[in-house]
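Below, subunit A partners subunit B and then partners subunit C, in two separate complexes.
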Partner chain A sequence: MPELGRAALVATLGLALYALLAGSIAAWRGRRRLALSAQNALMAAFGTSIVASLVLVSALIRHDFSFVYAAQHTSRELPSGYTISAFWGGQEGSLLLWLLILTGYATAVLLVNRRTARDLVAWVTPVLAAVTLFFAFLLVAVATPFATQLAPADGNGLNPSLQNPYMMAHPPLLYLGFVGLTVPFAFAMGALLARRTDERWIVATRRWTLVAWTALGVGQLLGSHWAYEEVGWGGYYAWDPVENAALMPWLAATAFLHSVMIQEKRGMLRVWNHLLVVMAFSLSLFGTFLTRSGIVSSIHSFTQSSIGPWFLGFICIVVFGSLALVFARLPLLRSKTRLESLASREATFLYNNLLLVALTLTILWGVAYPILHEAVLGESRIVGPGYYNFFLRVFGLPLLLLMGIGPLVAWRRASLRSLGLTFVWPAATALATGLVLLALGAGASIPGLIAYTFSAFVLASIALEFARGTRARRALSGGSWPAAFSALIGRNRRRYGGYIVHAAIVLLAIGIAGSSAYDTVAERRLERGDTLVVGDYRLTYRGLEEREAANATEIRAVLGVERGGERLGAVEAGKNAYTAERQVSNEVGIRSDLLTGEDLFVIAEQVNADGSVYVRAFVKPLVNLIWLAGLVFVLGALITLWPDAREQRRLATRYEGAEAPARP
Partner chain B sequence: MARKRNPARLIVALSIAAVLAVFLLYTSIAGGGTPSISPSELAGQQGIVSLAGRVQPGYKGDSYGTGLRFRLRDIKGDSTKRVIVLYKGSVSDQFKVGREVSVKGELRNGIFVAVKDSLVTKCPSKYTAKKST
Partner chain C sequence: MSVALVLGALLAVACVFLVALPYLREPDAERDVLEEPNELDRRRLELAERRDRALGALKELELDHRTGKVSDADYRALVGPLRREAAEALRALEPRAATPERVKVERPG
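Take a look at the complex of A and B:
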């Protein structure tokens, strides 16, 4: 079996190498059949990657501990769902997942685009093949998942904190996002290589970028929810380098998704868009590098790590290679139009981009600074949450405000008079909200109050856009209000889907501000019958319960919950002792109030032999809006992604006859 | 083609200047992160520092009561220096002998008195460095 896996990986390596060489020659010399052959080779690499993945999955399921990977990441008692998710529980498996998803994307992209954008795809193929080649090489030569050993009786098991349903969905979604950013990168580079610097590469990749961006966004929210429920310190995001690893490419991709609209509409920002796509892809590689090379824990583990130097080398090649290519094609990337006014839709998009990039780069600096400091001066440093929170406020709050301003500003040039008229309602709503909240005592946190006021502004401007659009559509085609509303969204999916995504971001901002700026905490040691008061809640400790699960002993402190004299049942918080892994994990108790979006969050910090417990409890207002934001986000993203036959026809006619590349 | 001044460039230039200004202002006030010190380097350090080390066998006490006492040694190198840490507050599930931890605090009369709830246990599985375990 391991031989089959290794052979499949070697075959993937060979196919990728062939696709790279043949694809380059074909694109260079304009040989169609050779180009097709290169594309087929890349698609065949998907087949061989599937074979390699199946070998690993079957080893995990069969508890074949002669596979080092299976022995290190599973045990006999591990529930079967987690046995499969152990596939991405370690370094080698994660790299194999990267390869599998990459070749999968490549196959789908080639099948969808090879007829409509043939000359572009001819150059995209070798770029995709080069990335595939790198990962296949790592898996064959540096970090093989198919190393074997004399099988031990049982495996080490999976880290208990990874034994959570979220961990089955969170990593694959993140990888779908990370890897998906290869597609716009490959098209951007392909367009430069083919000297096709018009908007077609953007049109061809818009949906792919959106898929990757959505997956990355949802993946991060799932990760946050996992951290909230499982890691159990009362938060959901800690500015940990591995978390930032996913946030940075997402922010860069967000900037890219916005600025490509300017290029599509006005032919501007071409160089900028290429730089953004290089940045997003490099950051996704850097993210994988951060989480998989060991550099975060210490620069020294990086030098011991087998894949670290390779990854760093590849990132350097990608960054410098693509920058050189952009530079070489600069004359072709000149904009045809210029920004006409600082008060225009284009300008607000530009401000949004600059803020997003500034936020991304400051986070990157926060991640890189300790590493560089240790590498250069030999003394390690820690950049704490204070740094990140500061820049999140400085750049994030204006971004929030811009989300409300942008949609209301006219393209090209907006007059002060029209601006004043459109801003009356949203600004009045925001002001009223701010005053009411101030009266309710929200002034305790100034950033929180600003976030809420801005959120009201954005929501009002989104509502205004929907109301105006629906009214206009109804005036145009008659019918009922709901029919006009759905026709409005159906006919402008990108625009209104985008607004729904904006609404999701506002919910996220409200949830984050509510749970971080206005939370309450209390803690103490409780004997049976003792009570702990936190916010409006009164917790009474009733006693301990112990039970045996399949792979762990679960011990729970049961606490009765009361609020305003009303009994609200009980929460359980405690610990799980995992037998095979010989580890203990905290299991928090959460009581969500779906009406107010508030959580009561209980941690049993310490369970003592005499039956007493040390409990810490939080009240987190509005925290559930964060998870609701995830659902709204997916809804909005789906609307923008949904195939639109009208749009396809329009684009097809626009680029018809644009087949022959303009060679100077 | 005569190129007129492009307002987009002006915006980009001004924004970069603004971002740099904010950034420099922040780092000059808040400093560039807390120094992370190993037990062998701790002697003579003033003020609050972040101490990173490996937990040694034999820790005792109650972090939720009078305080948990444990000893740390350097993560790397062969220094024999050990530092006693007195800590109160939350302790991660991952905390045990041999784990790498980092904790904030200051040296008082030879004992590293930790800031409450500042103990962070580095989770070894999160940043897979190498295969050998």
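Take a look at the complex of A and C:
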């Protein structure tokens, strides 16, 4: 079947090329049937990508080691779930997943918009086709997943660190996010090419951008949880270049989601919004380049390959091409309104944008500097966590505060008296929280104390917004408090869904501050019966246990756990020795206290032949709030994404007649 | 003939059919022109966006006023221009006004 896979990829390449050429001619010359034909070609490319993907998945499931990819990334003993997830466990398979998601997105956005925004979609098609063409070309000519060989008896297996349930969801979600940013990019460029200055492209892509942004956010959080459980150094984010590669487009997309509201409500920041979309998409490509070029050494990156220069070339084309287009259309993009006051909601959004972009560019410099330094001077340099943590505090703490200030400030302008009245409760809550925490000894970390104080301010302002909004809704239409609360959210999904997402970010900030600024660590070599005290916990080493799993031998050091004289059971940490992969992985032991959000985190650094172990243990306060933040984040995003019938009707009225005009 | 070859051929035929479909459906289309919004459509759209923006801003202002975020004085100062902006856009969008001459866009401020 590799021939079918190859044929499907060649067909995808041909269809994408046709969609690019025919779509460009159709849009340029105004040919309706040719435009539809190009759109159909792009949708057919989704079909051929599905066929190619099915061929690869089928080879993985059947353990057909005549496929080089199947032999390199699976083995007969590999559990079936990981056998399927090996689809994105290697370079070629992950590129195929990228192509599959890209063509899937293209098909969905074309089907949704092709009848209502014909002239815009006509220009969007060649942009989507150009991106598809690039990935199809890579898969056909540079990194094919359908290379064959004389089948060996067994495969090499999957990298042990990828044999984790989180790895079954983390990469696909990241790709949904990375690839999803192609949609706003294609529509933004399509609108510029069509010389459309209205907000149609924003309306068409709002939900797609939110989906991509949510998927990228959740994907990163799952990746952090994977790192926490699997990599076993005691943390969840190491400012690794590849981790940063996912964070940067998310930050740029966050800035865009905020600034686009200013364009919708005030008609401002058109150029800025286009630049943010270009930035987010280019950074998603840059992230892919980092992961796949072998240019940086990272636990997350694939092996060195020849696709790096192709990616670099494509990124240059995207960046310079789209910037040239924005520049060429500058006269059309000039705003007709001005910022009325520096104390207004739109002004706080602008400050938020500046901070987000500054943070993104700072991280980008931290990632790019070692690469450039090595390329120019031939010496390797490392930008450590200290650099990133410093700028996270410089830009992140004001961002956190702005999340609380923004909802309290009115659009257009706010008087000092109004500001004083709305700020009094959140400010008092924050001050009281700060003083109590200081009295409890939280002053050991000033950034931690500031983060908690600001978090209290944000949570109080969000609670106040919900309370005042519910009271106003009840005063307007009567009914019970729950009914008024429900109506408030239902009638303002974007606003209140957004506040819930803000609450999730606050939980994240509290979790990060608690687990990094106030954690405790202890380590030592333990003989059987020895104890290790860490924080309030007392660990007693009971001995080693060895057992056979499906494809590995598991060795675990068993440690009894006590806190305040109370026995809390045992925690196990150790190593897995994988047979087929001939690799050993660290397996940490985690005991979570869901009431306090605290984790006892144990790493067996060394398991010695004499039965002794070298153990490192952490107590991480509030770390579970980080994972809880993920659930709250999804809830807020779902509320924001949920279709609003009133808004749909309003938009239908707006575009009625203007986009599908009946002409003689 | 292998199964892969047959499946590949079927895939190719399906793709060619899909790509050719617009021409198969309308082999002799009288009008093969991609409809684009003309100047009138673009102005209508601009006015509709202005109307929606003003109505949305009014809704936000009402909510902000009710929740105490906007003082009475600020509310009085802001609500008038917004209502005028919405009314102007609504008037210009009325069918009798929908000619390029009459839908002349008035810039705020």
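The rule we apply is simple: the second predicted complex is superposed on the first by the 650 of 664 C-alpha atoms of A that agree within 3 Å, B and C clash if a C-alpha of one lies under 4 Å from a C-alpha of the other, contacts with A are read in each partner's own complex, and residues count from 1 in each chain.
What we mean here is this: a contact is a pair of C-beta atoms (placed from the backbone, for glycine too) under 8 Å apart; a residue touches a chain by one contact, two chains touch by 3 or more.
This is a predicted model, so every value here is computed, not measured.
**Q** Taking subunit A as the common reference, can subunit B and subunit C both be placed on it without clashing, or not? Answer clash or fit.
**A** Because the two structures are overlaid on the shared chain, the partners are seen to fit without clashing.
**Q** Quick one: is A:A343 in contact with subunit B, with subunit C, with both, or with neither? Answer first, second, both or neither.
**A** A:A343 sits against neither subunit B nor subunit C.
**Q** Should A:I61 be classified as contacting the first partner (subunit B), the second (subunit C), both, or neither?
**A** neither
**Q** Taking C-alpha centres, what angle do subunit B and subunit C open up at subunit A, rounded to the nearest 10 degrees?
**A** 140
**Q** If you stack the two complexes on chain A, which partner ends up touching A:L638: first (subunit B), second (subunit C), both, or neither?
**A** neither
**Q** In the superposed arrangement, which partner chain does A:L36 touch: subunit B (first), subunit C (second), both, or neither?
**A** second
**Q** Does the superposition put A:T362 against subunit B (first), subunit C (second), both, or neither?
**A** Touch partner of A:T362: subunit B, not subunit C.
**Q** I'd like to know which partner A:A410 touches here: subunit B for first, subunit C for second, both or neither.
**A** Second partner only, subunit C.
**Q** With both complexes superposed on chain A, which partner does A:I382 reach: first (subunit B), second (subunit C), both or neither?
**A** It touches subunit B, and subunit C stays clear.
**Q** Which partner does A:G47 contact after superposing on A: first (subunit B), second (subunit C), both, neither?
**A** The answer is second: A:G47 touches subunit C but not subunit B.
**Q** Check whether A:Y351 is in contact with subunit B, with subunit C, with both or with neither, and answer first, second, both or neither.
**A** The first partner, subunit B, only.
**Q** Pick out the closest CA atoms of subunit B and subunit C after fitting on chain A and give their distance in Å.
**A** Comparing every C-alpha of subunit B with every C-alpha of subunit C, the smallest gap is 11 Å.
**Q** Where on subunit A do the contacts with subunit B and the contacts with subunit C coincide?
**A** Correct list for subunit A: 338.
**Q** Taking the touch rule as given, give the residues of subunit C at its contact with subunit A in the complex, in rising order.
**A** 2-5, 7-8, 11-12, 14-15, 18-23, 26, 29, 31-38, 41-42, 44-46, 48-50, 52-53, 56-57, 60-61, 63-64, 66-71, 73-74, 78, 107-109
**Q** Can you name the residues of subunit A that touch subunit B in the complex?
**A** For subunit A paired with subunit B, touching residues are 68, 72, 89-92, 143, 147, 156, 159-162, 233, 242, 268-269, 291-298, 300-302, 304-306, 338-339, 341-342, 347, 350-351, 354, 358, 361-362, 365, 369-370, 373, 379-384, 386-387, 390-391, 394, 525, 575, 583-586, 603, 605-606, 614, 616.
**Q** Would you tell me which residues of subunit A are touching subunit C in their complex?
**A** Those in contact with subunit C are residues 1, 3-4, 7-8, 11, 15, 18, 26-27, 30-37, 40-41, 43-44, 47-48, 51, 118-119, 122, 194, 196-200, 264-267, 336-338, 408-415, 417-418, 421-422, 465, 468-469, 471-472, 475-476, 492, 650, 653-655, 657-661, 663.
**Q** Over in the complex, which subunit B residues touch subunit A? Could you list them?
**A** 4, 6-8, 11-12, 15, 19, 22-23, 26, 30, 32-36, 50, 52, 62-65, 75-76, 90-91, 93-94, 100, 102, 122-131, 133
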